[in-house]
Structure formats: C-alpha cells, structure tokens
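Once you've had a glance at the structure underneath, I'll fire off some questions.
To keep things simple, chains are lettered A, B, C and D as they appear, and every chain counts its residues starting from 1.
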Amino acid sequence: MKVLQEGVGPLIQPPDLNAFRSWNREKPKAMIDKRMTEAEAIDQFIQDGDYIGTELYGTVRCPQSLVNEIVRQGKKDLRVAGQGVYELDILLGAQVVKALDITYIGMEVYGVSNCLRREVESGRVETCVEWSNAGIAWRFKAAAMGVPFLPVRSMLGSDTLRYSSAKVIECPFTGDLMCLLPALILDVGLIHVHRADKYGNAQIDGITGFSAELARASKRLIVSAEEIVPTEEIRANPEKTIIPYYLVDAVVEAPFGSHPGEMCYIYERDEDQIKEWIEASKTEETTRAYLEKYIFGVRDHAAYRQLVGEKRLADLKAMVPGR
Amino acid sequence: MKVLQEGVGPLIQPPDLNAFRSWNREKPKAMIDKRMTEAEAIDQFIQDGDYIGTELYGTVRCPQSLVNEIVRQGKKDLRVAGQGVYELDILLGAQVVKALDITYIGMEVYGVSNCLRREVESGRVETCVEWSNAGIAWRFKAAAMGVPFLPVRSMLGSDTLRYSSAKVIECPFTGDLMCLLPALILDVGLIHVHRADKYGNAQIDGITGFSAELARASKRLIVSAEEIVPTEEIRANPEKTIIPYYLVDAVVEAPFGSHPGEMCYIYERDEDQIKEWIEASKTEETTRAYLEKYIFGVRDHAAYRQLVGEKRLADLKAMVPGR
Amino acid sequence: MSAQEYNPNELLICTASRLMPDNTTAFIGTGIPMLAASLAQKMHAPNLVAIFEFGGTGAILEDLPLAVGERRTFHRAVAASGILDIVETAQRGFIEYGFLGGAQIDPFGNLNSTVIGDHDKPKVRLPGSGGGNDVGSHCWRTIAIMRHDSRRFIEKVDFITTPGYLAGPGAREEAGLPPDTGPYRVVTTLAVMGYHPESKRMMLLATQPGVTVEEVVENTGFELLMAEEIESSPPPTAEELRILRDEVDRDRYYI
Amino acid sequence: MSAQEYNPNELLICTASRLMPDNTTAFIGTGIPMLAASLAQKMHAPNLVAIFEFGGTGAILEDLPLAVGERRTFHRAVAASGILDIVETAQRGFIEYGFLGGAQIDPFGNLNSTVIGDHDKPKVRLPGSGGGNDVGSHCWRTIAIMRHDSRRFIEKVDFITTPGYLAGPGAREEAGLPPDTGPYRVVTTLAVMGYHPESKRMMLLATQPGVTVEEVVENTGFELLMAEEIESSPPPTAEELRILRDEVDRDRYYI
C-alpha cells in the first residue's frame, strides 16, 4: 500500500486489533454486579501511564466525578485523547497528563485553556498529536469496528494532518486521495450516562455524541450513571441501550456526576462554578487552590455534592424545562 | 496503493462519491409534503435499469407494497443489492432482475429460492457478484459515510471475495491484510418503517437492521410507513428518527406494507401466504399465476389488502403479544 | 413421540445445545441453532448470551424465534441495534461461538452455500453467503450443523463461501483472517467431529447413538481423522426432550 | 442600547444571519453562529436547518443554545444522533454552509486555531481544530467569523488547522478535498469579504456601517483584492435588534 504522505506525529497508542480481539475475548460475558465507588473503580482500573479517554461534548454529560477521583488518587503520566472542556482542563491543571491526541481543549465561549497553555508551552505535556473532532471519533469507530484504520476526507491538505499520525493514500477504486486514520484503542474509557443497571447496560437520553464508539474502543470501561436502574427497565427498552454490559468493567452511581457540567433533561450547567474555574485556572497557585477545595479537600463525590450544596444542586435541577 | 488480490466480479454500480456529493447537494432541504401512492412513487422515481435495494431482514419490515408496485408497473432490467427473502423472490419471479450484488436470496427455513435458481441458472440474471451480509451493509455504510471504501476482515481467503469486486491490501499501520469493500450507492432505496411524517422523517421500533446505512446510501429514497404521524410526534422523540426527511423523496402510507412479512409490535408474518408462495414459486407457470393473483390482479395496495382479507389481517395483528 | 424416541432434528438440537456453555456469547442463525440456544438457556446455560445478526443481544428466548430478525430475537434483550453493530462486535473479538451450515463441507471445514458447479454457469444456484462468511471470519469458534452424506462431505467444495481452515495450517492467518479463529465442531445426525490441532483436518470425536464409526466413514467423502478415543455421544435425555417439546418448540415448527 | 445603536457582537450576528438562506442546511458552531441561526429562523429563514456537531438536526431554536452539545441543539429537532452521523452527512455533501473561526487567517482563507509559533515549541498553544477542520473539509461553503486586525489577517498562518484554498486554485482538489468546496465569506466588524473566483484570494465585498475601505486595508496584514463595486453592508435593522434582544438572547449571554 503506497503511502503518499504521512503525519509526523507519533502513534501514542498503536492500533493492534489482534491483541484487542484477544483482550475482548477474555472479558467476562457473565452478568456480574459491577457496582463500586469512584475510588474503587479508579484504583482498580487506571494505572499511571495509561491511555485514557472521556466521552462528552463541551461540558455536557462529563464523567466528572470519575475525573475528579483520578486527580484525587494522584494518577500520573496519563496519555489522553481530547476533545474536552472542563474535565480535561482539570487533568491538565493537576499536571497529570504526559501526552495528548488533541482535537480541542478550550473553554468554548470563555476562550483558550490556561492549563493547556501552561502544560504544553512548558513542555510538561511532552507530545501533542493533532486531529479533528470527527477524526478522533472515527479513530474510536475504527477500533469499535475491529479494523486498524478508516478512510476519511477530513484533515487532507492541512497541518492538522501533518502533525497527526494519519497517512494519505490513493483509493484503489476511484483514485481519490484519502486520509487514513489509525484506530485508537483506549486502555480506559470513561463515560457518564443517564441510567445503567448493575451489570453495565447503559442508556443515554438525547444526542449520543461518540459514546457508542468510545465505549467499543476501550479495553476497560468505567461507566458512571445518574441512576442505577433494575435490569428489567433496560430489557423493556433494549433499543435505548447504547452500551451493552459486557463492555463495562465498573458501574458507579454518580448523581450530579457531570457537575459543574450539565446532564440533559436532569440538570443544567453550573455557570458560576465554571466561571470560578476559569478565574482559578489563570495561575498555577489558584489552580491548586481550586483543586484543593473541590477535589483534595473532599473525600468523595458525595462530599463534593455536599460542598457544592443541596440548594445549588436543586436549583440546577429546577432550571430544566419540560421537554 | 498496492493491491494484493482483487475479486473478478464487476462493479455493477461504481462508487463515485464526488458525484454523490453533488447529487446530495441538490436534493431539496425544504420541508415538502412528499406523500404519494405506491404507483406515483414507483412511476416517478424508478427507471428501467436502475440499481435498487431493499432494507429488511428475512421477511421482517419488507417494503413489500413498493416491490409489488415495481412488478405491477413492469419495471425491468433492474440491478439489485440482495439480502432478501420473499420480496427479492417476487422480483426474480417476475423476471425483472438483470444483475445482482448478492449475499443471500433464499427462503430461510424453507430452503433455496426456486426463482433465484431459475433466473441465474438460465442466465436471465446475467451477473452475480458475491458478498457477505455484513459486506453489503458495510458497502452501504461506506456510501453513507461519504467514502469510496471501507476496510474489513470479512471475506478474506474465500471464493466469496474472489467473485466479489473487493480488493485486498496490506494495512499501512499494522501490516494486516484487509479486505476493501467499495461503497455501494443505490439509485433507489426502498424502506418500510413504523411511522413517518409527511416530510419523510422516519422512525423504526425494535432492531434497525441496516436501515440507517441504506437510507444514507440512496440517491433516491422511497419510504413506506405503517402510519403517517404529525411532525410534532417526531420532534417529541428526535432520538428515534433513523431517517431524517431530507434523505427522502417519497412517503407512502402503507398499512400492512410488509405483508406477508411481519412488522414487529404491529403484526405477525402470514405463514400461510408464505407457504402459498413457496409452492407457487416451483414452476414459472404457477409463479405467474401467483403474481397475477396478488399483484397484477389488484389495482393497488388497498385492493391487495382487501384480497388478503380484513379478517386475516386482523388475525395477524391479534397474534402480536405484549412487549 | 415418547421420551425414549427422538427424531433427527431433536438429536441435532440437543447435541448442539450441549456445545453452548453458560455465560458465553454465541452468534445464532435461523433454524437448529435457535432451538439449541433456547434449549441451552432452559437447561444448563441460563446466561447464554444469544446474539442475532440483525441486532438482538442477550434476548431471553422464552419463545422460539423463527427468523433471524424477528421480534423474539430481541425479546427482553439487553440491547437491540443493527447488523453492523453485531458483526463489528464479532470482528472486535467479542463473540465466542458461531453456527454455520452449508451444502458442502471439506476436510478443512470450508463451507459452500453459493453454487454447485461453476460460479458463472452454475448447476445449482444456492442462496449465497448470508451472514455465514461473516460468522466464519470473525467468531472464535464455529460449529457447523450439517446433513451427513458423502455428497456433502467432500474433498473439495465447489466454492468456498465461508472460510474454514482454507488450505490447512496457517492459511487463515496468511489470508488475513484473525489469528486463533476457525472451525471447532461439526454436528450431524451421525457424529460429532472436531479438527486435528496440528493438521487442521476434520477428526471424528464421537458417534451419535446407534451409529457406528464405519457408518460415519461411509458417509464421509474424504478421509476422516480419528480421535484417539472415539466417544459415544449420549442420546437426548428425557429432561432435554421434555423442555424441547413442551417449552422450546411447543408449536412444532421444527420438531 | 437603543435600536439605532448596536454593539460589535450584534453587528456580527446580524451580518452572519443574513448569509443563511431559508431551507438550507448550516453546520452551526458555538457562539455567534448560534445567535445568527436563531435570528435567521425568527426573521427570513424559518426553515433554516441548523445542524449541530454532536447530533442535533433541525432543532427549533426558540431558546439560544450556549454550547454545541446541549439540549437546545436538539430541542424539537427532527433527529438527534451523534457526531459521526453529522460529520458523515457533511462528508456526503448534504451540508451547504459551515461556520468557522480562528486566531489567524490568510489570503486563501486558511485558518489557524492550533498554535502561535512552532508546533512542537509553541509560543501560544491554542485549543486545536475541534470540528473546524471537519467543517472546512466537507461543507460546500464556509463562512469565517473573525476579529479583524493585521495580526490576525496575515500573509501566512503559523499552522493550517482548517484548510481554506490552501496554496491557491486547485490546491484543495490536489490534496483530495471534495471538489467545489471552500471558503465563501469572511465576516468581521469591519467588513464582509469573499474570494476571487479565479485566484481564490480574499476580496473585499462590503464594508460595515461607518467603516472605510482604508480602515479595512489598514487592519488586514496582506493585500486584499477589491470587488468591482464595494458595497456598504446595511446596519442591523430595528426589527433584527428587537428580535435579537427580546427573543434570541434575552439573558444577554452574548450581546
């Protein structure tokens, strides 16, 4: 296969689909109660140096209680796939990221990420490999399909491709140039959902982002859910299941798990706390103070909710209009 | 791109994704009332020689009233993508098929298709290009993605590949051999759904087969629906929409549109009529008599329903258990 | 039919059923495999994860599905998706067992369901691959359920619809198929066969009740390897037959 | 602020809004494009099909979405899917307009939102492509909304995050990008620009109210082509401002 161009970016995680097959074969297919706390899930399934990914869009449906626990446990040298706003900013603020497959890390309308700037410009993040949003999602899709690459027409002609690890080839059917994206297999995927049963069958309301793809691209998958429901509720609406249980290693009950982000139909975004973070993230010192307050200073997600305050959380719920 | 092996089968429909883009650009994006009868839809959108495809599984959710109308109007020389049971058998029985991208045409537990045998063994079907079920679905998926091929690990090493138009290459990331499937763009796609609005927004209950892929791989798309619903019903549950209106050219209200096939949660399969067809299909003469009775002998789908009989249709509905 | 007697389909169903362990994934096709999976769930494998090609995962097979995409294939399932999600799940290595059939099989387990005779001028045009090739490419272990006679068990199939071990050891990997996959068992009304771990050729493991090794050999059109010890496959038990007749296929679609 | 006065964001929103015809598809990103799309739906384009990256198609923008995946992006939508369905819809040619932004733009409309300085030792690390590269690769016509000064409008961007016309005529096609796609308009508080049909270089089409051609040139760090007739972009109308203030952004998130 003649390669006409290739990006100079390293493959931070090589796409070995045969090894992934063997891994998946060994995952238990039994219906096992996988409920545990954030602390147990992160301790058991994330190692220093792991390649991890979060699924979300902006601050919507972030697995934030899991990300907070990663920071709390002092996991480090993480390699991260990123499209992210607040949650990746927290990881960068905690200085636990070593390498990034990056598409977008920023604060949306609030502008650039101060933490990304500090970590990359200082060289503490050693590697940034560039992709587009769909590029990263397609890389998950390739892994989810069980193939080592997908051909797409994004990224062609750009420096985004030049600083990626994609390759350009000529289509053997049409002669069109295609950008080949290598499959991205995560060591650990983190997804927050509306509901899951204790085995890990998970359902999401509204748009689904790239949850199906990331879940299927993960060697280990930690699902947090606003609510744990009986399996019969899942079986009554199997069309809604976007993650079948056998993909899942841990199920964490996490009400307000996306806070300060939002969860559609359940609670709105906590704009005040987002603004507090934007301010805090401006210096290393204030960043540390923020992390101290919201992560190290609280034992777990229940304590975090207490710190944020029942009234404030109730207000965020009350802001949700009818459908 | 070095090709290590290629199937000897012709590309019955070439994968020109740029032409497909231009076609899609011109499709109207306005919300237009697209309701019409089977006769109008088939007359307006299917030409002799067109490449068509139906979406279904076995006899489930067949666009049968549309297929019957194709036969009734004497469309001919069709090129067809097939995974099919009763509905492709009817097209073959009517001798209107010239070329097949074939994965499976048979009668499931009732065995081989007599019509397929007659048409292929006589040479009236001039071309059979072989694929697997997923192979055909992935070919639609490639077109739906807007790329000229997808890499997969099906078909490798087999004569199915040898008599396809797939190609084998070495993955430039891993060195693994991959089967490349060319995108399959239909001139006309036919899909039967549970509900649609008059613009073409369509929803399906239960499993969805390859409806999303085929709908997105069709230059023209005819949707028949058990029920036409107000758009507000669609907008109240946008997650359920598998076909957005702008893909659709015609919306046909067709209660019992899948008969003698079934429609999950609405009516069961008419086993007696399937058996009647199995018997009839054994000779050309009895095949013609069956087509005369159920297609040429009735003006339209309403007359067909009358022929089958209200009581029998009511019985098929009554056979559906609670969910 | 009494509990002591049973018909050929009942024998095939019971034999296939026993090959499905609990808490395992199995790709279930139309016919015998559906009955076998339903029986397995009601006997030794209540948590057998039945996976159906067009989207059903983990259905509870209270009622017998009659076709691969009908509502019983996702009845109280844990997920109901579509064909590509399912086959990609297999391609990703999640599906352990897959069931296959065909008109012809060769010593390496290659299967033909496409044509008898030449492809372009066939003597008999058969249905084609369907999901067979996908199952045979991606599932870790495939089980073929066949009618057993010497016109079907032949040295060389007319057309390799679904890859077995192709030309022998290493051939699947050379063709690019996933490593460590391939044919596992062949179940017929005469015998249960496996494959020799080195030569990848079909090997007689057990005879069905009342069948002799000679009968098996006679009905096989190629040289069948013999396991060191040829077992006698136990007949369907009274319990299996009761569940099969009273619960699995109450309406006698198949039995 | 009275109906006669307006702030820079209001000007950008109204100008961008008028570029969206009725019954057209537009890929809508966070910020100004959301307000512009909402305003367009309430003014001249009630059937503008707003498409949001993470899955919303055809939402009714009664309430202003604040981010690209939040509930208002699929409020009473015709479909709610996921990112790949949306970007594949664009890749398949269904999306006419796409909105872009960036820290730098060059005469061919190439955009940088990745780094200032060298990629591996950046002076400023910016957020990265996000959906920008996808929009700029697949949509038929892209509209960039920019702050207008000579440090942003420069001869050569530090990094081509999102392809404009790359090195000029034919370069997109040579790179494999879909034919007939590319930059269409640049909207700033100073001007509206297009591209010369042959040279594909940026060309001044209209100045914003009260802005002179000289001011535009002064704030552009490369030679700007001039349309034969430079128009005056009309100021926001009282009706536009009323709807923008009373309906689109009642809570003054942006204006």
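Criterion: a residue touches a chain if its C-beta (ideal position, glycine included) is under 8 Å from a C-beta of that chain, and two chains touch if they have at least 3 such contacts.
This one's a predicted model, so the numbers in the text were calculated from it and none came from an experiment.
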Shared touch partners for chain B + chain D come out as A
Of A-C and B-C, pair with higher C-beta contact tally: B-C
Quick check: how many Å separate the C-alpha centres of chain B and chain C? 28
Geometric centre distance via CA averages, chain C-chain A, whole Å: 40
Chain centres from averaged Cα atoms put chain C and chain D apart, in whole Å, by 57
CA centre of chain A versus CA centre of chain B: separation in Å? 37
Residue numbers of chain B (touch at least two other chains): 17-18, 145-147, 152-153, 176, 178, 206-208, 212, 236, 239
Which chain C residues reach two or more other chains? 56, 74, 80-81, 84, 91, 138, 178
Chain contact topology under the given definition, line, ring, star, complete or other? other
Every chain pair in contact, whichever chains are involved: A-B, A-C, A-D, B-C, B-D
So, in the complex, the side of chain C touching chain A is made of residues 22-25, 47, 49, 56-58, 60, 74, 76-81, 84-85, 88-94, 96, 138, 140, 178-180
Taking the complex as given, what residues does chain B use to touch chain D? 17-18, 20-25, 27-31, 143-147, 199, 201, 212, 216, 231, 234-236, 238-239, 241, 244-246
Please output the residues of chain D touching chain A within their complex, sorted ascending. 30-31, 53-56, 63, 66-71, 73-74, 80-84, 87, 91, 114, 119, 121-134, 137-138, 159-163, 166, 171-172, 174-178, 253-254
Using the touch definition up top, name the residues of chain A that touch chain D in the complex. 56-61, 83, 102-106, 108-109, 112-113, 116-117, 120-121, 123, 128, 130-135, 137-138, 141, 152-160, 163, 168, 176-179, 206-213, 262, 264-265, 269, 321
Which residues of chain A touch chain B in the complex? 1-3, 11, 14-18, 145-153, 167, 169-174, 176, 178, 180, 182-183, 205-208, 236, 239, 323
